[in-house]
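By letter and in written order, the chains are A, B, C and D; residue numbering begins at 1 in each of them.
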Amino acid sequence: MHTLSLEQAAAIVDAALHKARQTDCAPMTVAVLDAGGHLVAFKREDDSGILRPQIAQAKAWGVLGMGAGGRALAQRASAAPAFFAALTDISQGRIAPVAGGVLIRDSEGRVIGAVGVSGDHPEKDEACAVYGIEGACLRADVG
Amino acid sequence: MHTLSLEQAAAIVDAALHKARQTDCAPMTVAVLDAGGHLVAFKREDDSGILRPQIAQAKAWGVLGMGAGGRALAQRASAAPAFFAALTDISQGRIAPVAGGVLIRDSEGRVIGAVGVSGDHPEKDEACAVYGIEGACLRADVG
Amino acid sequence: MHTLSLEQAAAIVDAALHKARQTDCAPMTVAVLDAGGHLVAFKREDDSGILRPQIAQAKAWGVLGMGAGGRALAQRASAAPAFFAALTDISQGRIAPVAGGVLIRDSEGRVIGAVGVSGDHPEKDEACAVYGIEGACLRADVG
Amino acid sequence: MHTLSLEQAAAIVDAALHKARQTDCAPMTVAVLDAGGHLVAFKREDDSGILRPQIAQAKAWGVLGMGAGGRALAQRASAAPAFFAALTDISQGRIAPVAGGVLIRDSEGRVIGAVGVSGDHPEKDEACAVYGIEGACLRADVG
């Protein structure tokens, strides 16, 4: 596992929320996990729903779990629904195959964590995640 | 999160059941949760089935979790079945994407809780939930 | 299973809360289950903690599960801690071996349900449960 | 339930970590939950263990669930071990009866959330939580 610092993770969260406010998103929740899938930094905006913490973390955990971005996972889930139904149980509810989960890569291309954003349409969620990662001078991989 | 009193919650339950009897519904179960998703008041009529407590609570919890009414969630679930299958696990079985879960808003529009009704057709369940909320002088948001 | 009506269950809840206010209890939660262990009526007073719904239901479920009152279960749990530790898992977290769970018997002595009260000291919780059951003209069995 | 804003929650996290660095704590994890027990803001310092997110959240959730601070819960757990063993299952592993979970009260004394800190000795964890809450001009209740 390669290292994502708290300083980087916190910068990603704040940049993602900055983008959310600039683009008039619904109230947003942002979670950043390290490469092991464990939470490093998190913020939920006022009036963002009570399932958003789990969804944001599941978007991030899922992309780490499968090694592909949330948009790619959504496509695979459409093509193989029974497998993805099994995966939700296999993972004990820790994956969400939908856009808004984005892998974080360092300058050498290694996965060092993932971001999950939940609150608005998946495409807008994903744009915030990408903006957050790039704002912290890291590489976003939407898969 | 804003406050729903027990007095208000109990009034919602009783009004919803009054509507159920007026409209010849099957035996009904009504659950009222606060904004954090925790049970405040609950009644299950004689001969209402033993899964109804969980269904009624899941209808209410789901609308709080996602910030949208049960009818809207049912439509989204049809459009994105894999994501909603994942959501049932992500939420540990606490959401039911079907009409009959209704957000409770106060006079300023803030979400202060949710009602879940289960026992008859989803549309009749929803009508009881709305009647209950309005009977307590609060705003029903079917989303 | 013998029958506990919603009318009786609701009367128990209201009488138990009446007793709680008369005896200056901390904010209280009261759950009434039928003989099958399924929720019939429930109220949680303002400012009663968010785990109280589960505790009150577990007090009631546990006495049904073991066929003995909560006070008796507490004594058995002290005498056989390993067995009761196993029981919490066996029951999937549905029992609470502590005073405040009371069996409801009909005039012929048959168990028709149980009450669980949580919020103050176990003895005060139990007094509210007993008062509630007797207020509904049924027999309380503290075990 | 009353409102804790993201702005307040984020200020609590940052102040708690400031205290942790000033007092040479081991790597720390800080979670702030709203009154409903849902995550609002969170940071885990570099090298803080992978179970810390769950522990910090369980410290905070437990004090909300029981309406008493973590230090008080630790004392009760010593006095009633069987009941607290049952509580861990009743709560599905969401409570940690140990110092470091602190209730957040507003100027009128109402519970608006809770902080959980994990990483060093419970007393040092608790001191960071209290410092964080007071740094955000709110009232800490160690219970």
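Everything that follows uses one rule, which is that a contact is a pair of C-beta atoms (placed from the backbone, for glycine too) under 8 Å apart; a residue touches a chain by one contact, two chains touch by 3 or more.
These figures come from a predicted structure and were not determined experimentally.
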Whole-Å gap separating chain A and chain D, where each centre is the average of the chain's CA atoms: 25
Centroid distance [mean C-alpha coordinates] between chain D and chain C, Å: 30
Averaged-CA centre spacing for the pair chain C and chain A, given as whole angstrom: 43
Multi-partner residues of chain B (each touching 2 or more other chains): 3, 35-38
Contact graph of the chains (line, ring, star, complete, other): other
Chain pairs in mutual contact under the definition given at the outset: A-B, A-D, B-C, B-D, C-D
Residues of chain C defined as touching chain B within the complex: 3, 5-6, 9-10, 36, 38-46, 50, 53
Residues of chain C defined as touching chain D within the complex: 26-27, 47-52, 54-55, 58, 74, 77-78, 81, 84-85, 88-89, 91-98
Chain B - residues contacting chain A, complex: 35-37, 62, 64-67, 80-83, 85-92, 94-95, 110-111
Interfacial residue positions of chain D with respect to chain B in the complex: 1-4, 34-38
